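Structures for review follow.
Paired with chain B in one complex and with chain C in the other, chain A is shared by the two complexes that follow.
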Partner chain A sequence: MDCMNARSKDKKGKGKSKLERREGLAGLLFVSPTIIYFIVFFLLPLVVCVYASFTNWNILSPNRIFVGTLNYEKLFMDPKFWKALKNTLFMLIPIPIYITFALLFAYACHKNILGQKVFRAIYYLPYISSIVALTLIWMWLFNSQYGLVNSFLSLFVDNPPSWLSDPFWTKWMIVIMISWKLIGFTSIYYIAALKSIPKSYYEAAQIDGAGPRQQFFKITLPLITPTTFYLLVIGMIGSLQTFVEVQMFAPDGGRGYGVGTIVFYIWQKAFSSSQMGYACAIATVFGLFILVVTVVQFTVSRKWVFEGD
Partner chain B sequence: MKRIFLWISIALILLWTLLPFYSLIVTSIAASGSIGEFFPKNVTFEYYRAILFGDESGSKSIWSYMLNSVIIGSISTVVVLLVSVPAAYGFSRWRSRTSTNIYLSYFVLRMLPPIALVVPRLVILGRLGLIDTFLGLALIYIPTQIPLGIWLMKGFFDGTPKELEENAWVEGAGVFKTFWKIILPINGSGIAVTAVFVFIYCYIEFLYASLMGRSSVITLPTYIAGFSTPWEIRFQLMLAAALISILPMIILFGFAQRYIVRGITGGALKY
Partner chain C sequence: MKKKISPVRIIIFIILLIGAITMIVPFAWMLSTSLKEANLVYTIPPQWIPQPVDWKNYVEIWTASNLLTGIKNSCIISVSVLVFCTFTSSMAAFAFSKLSFPFKNAIFVMLLTTIMVPLVVLLVPLFVIYTKIGWIDTLLPMIVPASMCNINIIFFLRQYMTGLPKELLDAAKIDGCGYFSAYWRIYLPLCKPAIVANVIMLFMITWNDYFGPLVFTHSESKQNIQVAIAMLNSHYIQQTDIPLMMAASLIAILPVLILFIICQKYFTETFVMTGIKG
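Then we have the complex of A and B:
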């Protein structure tokens, strides 16, 4: 990462000239407006959230009492919280699916101009369509009476699943939907990554007698690991925060809370039951969880991500 | 053999992506008896008429909501650019331990679940009396998009040769003048990409919009979702509204597509 380079450069440049120092000041001026934003809209809400998690704050009652770790104790005994956590982890399933397919499609098309144009146009469609509209199409496609999916499935099986009322199938429907949404988008990243691999690598491999399969596994896959890593990080952060799909498909969290995710649970607690303090406690724990997952990903990444020559 | 594989791939991904959209279009024009048919026999445009011009049963036309979305998108985009473009330049050119740490902390904060910040943000805006106002919603969108703006723009500035401004400095131009007269014009396409991304985010954002908009500031996604109530879902109206709401984005894409691909992939290749 280039931040690392910045650090090593910093150490070398001990004797800074006057001009350089003046530029440094200008750099600070360029950056400073964001610091204000950062404090007011990220740090302050964060502090408020953590503080509120130690109170019994409820929108309906004006008095706010410090309750210590009560919310956190409640949280670990709360079966709905654990169910929501399980449902949230379920939402990680689409990541390997769309990454694999996107890579396959990108590999098939990256040398073909028409293929690239097709991708460019269609990856964009799901991306710009508001998520509300998309979930609607999905409800429509998977509708057990009129839906296209079930009329297709009924050709092969007697009882196609009722996607919208059975929590297990609703979760799979969300998995399919997220994969659908992200295959085209992810392909664009892979096409760009594949195009950035110098042709000479493949030519050299051919001279050494490596077949197409060997070339793919020994050259292509290792060289695109930075892109794969980026997609994994972004994908996990996104998947762990699945919310709108749940809200649209299972407005009550599904039968036996079989669909509700953590973010959905936080939202329910905060805005339906107005238990702000408790909602903030869940949000704090979950924020820490995402942070830990991301740090682990970055640590493990040193083992497998290609960092350049 | 290779060609066949190629064409099958293209056909498959086309089918996979477009089938739901086909279903959306077909359902939005199906007369009530023809709902669910793959090729509807009876076609009607009454739902489009209702969305475009309103109808007797009380469903309002789409225009005022679209205007709300465009206003909020425009305010947010302008402010995000004003703040993040200079900041990205600062992060790109003046690398020190402090600036690296600030830059990294933006990334960590971007990873926080937005829901964790929803409650406190709403409380802060409530105290300021900004719930259900354009300014209030823009004040939420702006900080969430600033990290994205910085990240995208930094990618473009990193790709701009340093010699350009070094020459200008030697000629005696100040740091700010160089930035304004030389660096900004060169990166016009980058700024356009960033603007498009921020605008799209604001245009389709649902979570905050549904919580903040009570009556006066209702944006498109909330309007579309409004056709679904616990009692009934008015499918055709909803789908027609959804389709019309996508159209401006498709036009935007027509203008910006070349830059967009560069914009989204630029950063990913570096990290």
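Then we have the complex of A and C:
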């Protein structure tokens, strides 16, 4: 818009006025740190990553040899890569869980349930806590012999799972942890969205004889779809990059690489095996994967996201 | 319509209460464990209130781990990032919302693309770049890029400043005020609630950062607090001093927690106010 305006002004009077030029200069100056950041810490590494993915680069030897698409061919034959991809997709499971609970919680807060302010503060607690501290607590909570969780579970089942040594259960433990951590934070978005729905809609619905359930499904839920969509996009980008939990719970990727995610695999390849070229190839493929997922989400969103009157 | 307490509300309250207990139990368990003697940890059934209450973990932790160095480094990183990033990001937000300059939309779209690229794509090249310029094993990789801008804060403040009248800028210009002082003296003070909310978020992100320090530093004297407490973890839990680990976790959580409790009002209400719609 602004660019268009500037251009039309250009056509009318030749060149820009002194004042406009001063404003343009000030604007560029104000965003210059941002531009420098973009070029040095984003664009340059991005280009280097794609370039390096075609070399056999490793940190130990300075000479890089161009190897063409060899890294990519290797990647598609690499069973560990496919396992890591499977584990990464597993980390999408928490998203519907915490979104549902967050919506319920936000709805309850919106209805002014007694003590909602205290509840909100408590629900935000996990989100503000450091993930490393949380993983340490989690390891102790889910300790198979002395952990609180298993001593509770043993009241109901004979053999509670050994969370930290069985990859299957480690992954579920991470799912529980991420869901638990994000309910409160996600609810902030829903509380804001619920507040923005005009009261008159509900009044009109009430006059037409719609019950609370109908109001929720026919008014509330459709009107907050933009928020749900935003949370899905952000949630997917975040979940697909799960790293710390894996690195803390299964420092070697778990038995049979049953826990390691893509980001963890890239980190391992780059800094433990120092296969930088190969790590860059995985990173490039992974970056494209996330891009495709996001674009697909935006395309599909036209079918279900409410776009305003 | 008469207002009375409906059974539905009571059920919702109970569900919320159960949820709140789930949220708080891990923290309570952390606190309880951190006050236990090492051998009391393995009692079955678990003991909620430690007998005797033992404070010595909170004394020992300072010598048993690298916590003090970690806190020092985390403070240096957080303070620098908070000061510089708040300044640069709010300045950029001001320019995007109130000034017209060449390539404005192009630059803004450019910033949007950075959100879609996962950090790990940049990680290996950044490591090599930092190696070349001698930044590895210093605090600079955590300070410099984060100080130059934070995309989320720019978006958030831009949204917030768009809501402020543009007439203020025109008036300032008539009074002979430059663009910088219009930003510094007029718009920045008006953004105070939004700035406070973002400062808390930024502090939380910087203080809790683990990935960056893990990759870019390796000597103990450069660890931040998260790396320092992560070192307490041994994969074989029986060899780990669990009460000590819990005490360290509590200390790591505490600064953000205190700030959050003090500023909670700012934090949640600004979000609701600005009405993030995605």
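Observations on the structure shown:
The criterion applied here is as follows: the second predicted complex is superposed on the first by the 268 of 309 C-alpha atoms of A that agree within 3 Å, B and C clash if a C-alpha of one lies under 4 Å from a C-alpha of the other, contacts with A are read in each partner's own complex, and residues count from 1 in each chain.
Operating definition for what follows: a residue touches a chain if its C-beta (ideal position, glycine included) is under 8 Å from a C-beta of that chain, and two chains touch if they have at least 3 such contacts.
All figures in this text were calculated on a predicted structure; none of them were measured in a lab.
Judged by the touch definition given at the top, the superposed model places A:Pro226 against both chain B and chain C. In the superposed model, A:Leu164 makes contact with chain C only, not with chain B. In the superposition on chain A, A:Leu114 makes contact with both chain B and chain C. Comparing the two interfaces of chain A, the one with chain B and the one with chain C have residues 1-3, 6, 22-24, 26-28, 30-31, 33-35, 37-38, 41-42, 44-46, 48-49, 52, 104-105, 108, 114-115, 118-126, 128-134, 136-141, 143, 145-146, 148, 151, 180, 183-184, 188-189, 192-193, 196, 226-227, 229-231, 237, 240-241, 243-244, 248, 251, 262-263, 266-267, 270-271, 276, 279-280, 283-284, 286-287, 290-291, 294 in common.
Chain A contributes residues 1-3, 6-7, 9-10, 22-24, 26-31, 33-35, 37-38, 40-42, 44-46, 48-49, 52, 104-105, 108-109, 112, 114-115, 118-134, 136-141, 143, 145-148, 151, 180, 183-184, 187-189, 192-193, 196, 226-227, 229-231, 237, 240-241, 243-244, 248, 251, 262-263, 266-267, 270-271, 276, 279-280, 283-284, 286-287, 290-291, 294 to its touches with chain B in the complex.
Those residues of chain C whose C-beta lies close enough to touch chain A in the complex are 9, 12-13, 15-16, 19-20, 22-27, 29-30, 33, 41-42, 44-46, 88-89, 91-92, 94-96, 99-107, 110-111, 114-129, 131, 145, 148-149, 154, 178-180, 183, 204, 207-208, 210-211, 214-215, 225-226, 229-230, 232-233, 235, 237, 242, 245-246, 248-250, 252-253, 256-257, 260-261, 264, 268, 271-272, 274-278.
The residues of chain B lying in touch with chain A in their complex are 5-6, 9-10, 12-14, 16-21, 23-24, 27, 35-36, 38, 83-84, 86-87, 89-91, 93-97, 99-100, 102-106, 108-109, 111-121, 123-124, 139-140, 142-143, 146, 150, 158, 175-176, 179, 200, 203-204, 206-207, 211, 220-221, 224-225, 228, 230, 233, 235, 238-239, 242-243, 245-246, 249-250, 253, 257, 260-261, 264-265, 268-271. Contact residues on chain A toward chain C in their complex (touch as defined above): 1-3, 5-6, 20, 22-28, 30-31, 33-38, 41-42, 44-46, 48-49, 52, 59, 101, 104-105, 108, 111, 113-116, 118-126, 128-141, 143, 145-146, 148, 151, 164, 180, 183-184, 188-189, 191-193, 195-196, 226-227, 229-231, 233, 237, 240-241, 243-244, 247-248, 251, 262-263, 266-267, 270-271, 276, 279-280, 283-284, 286-287, 290-291, 294.
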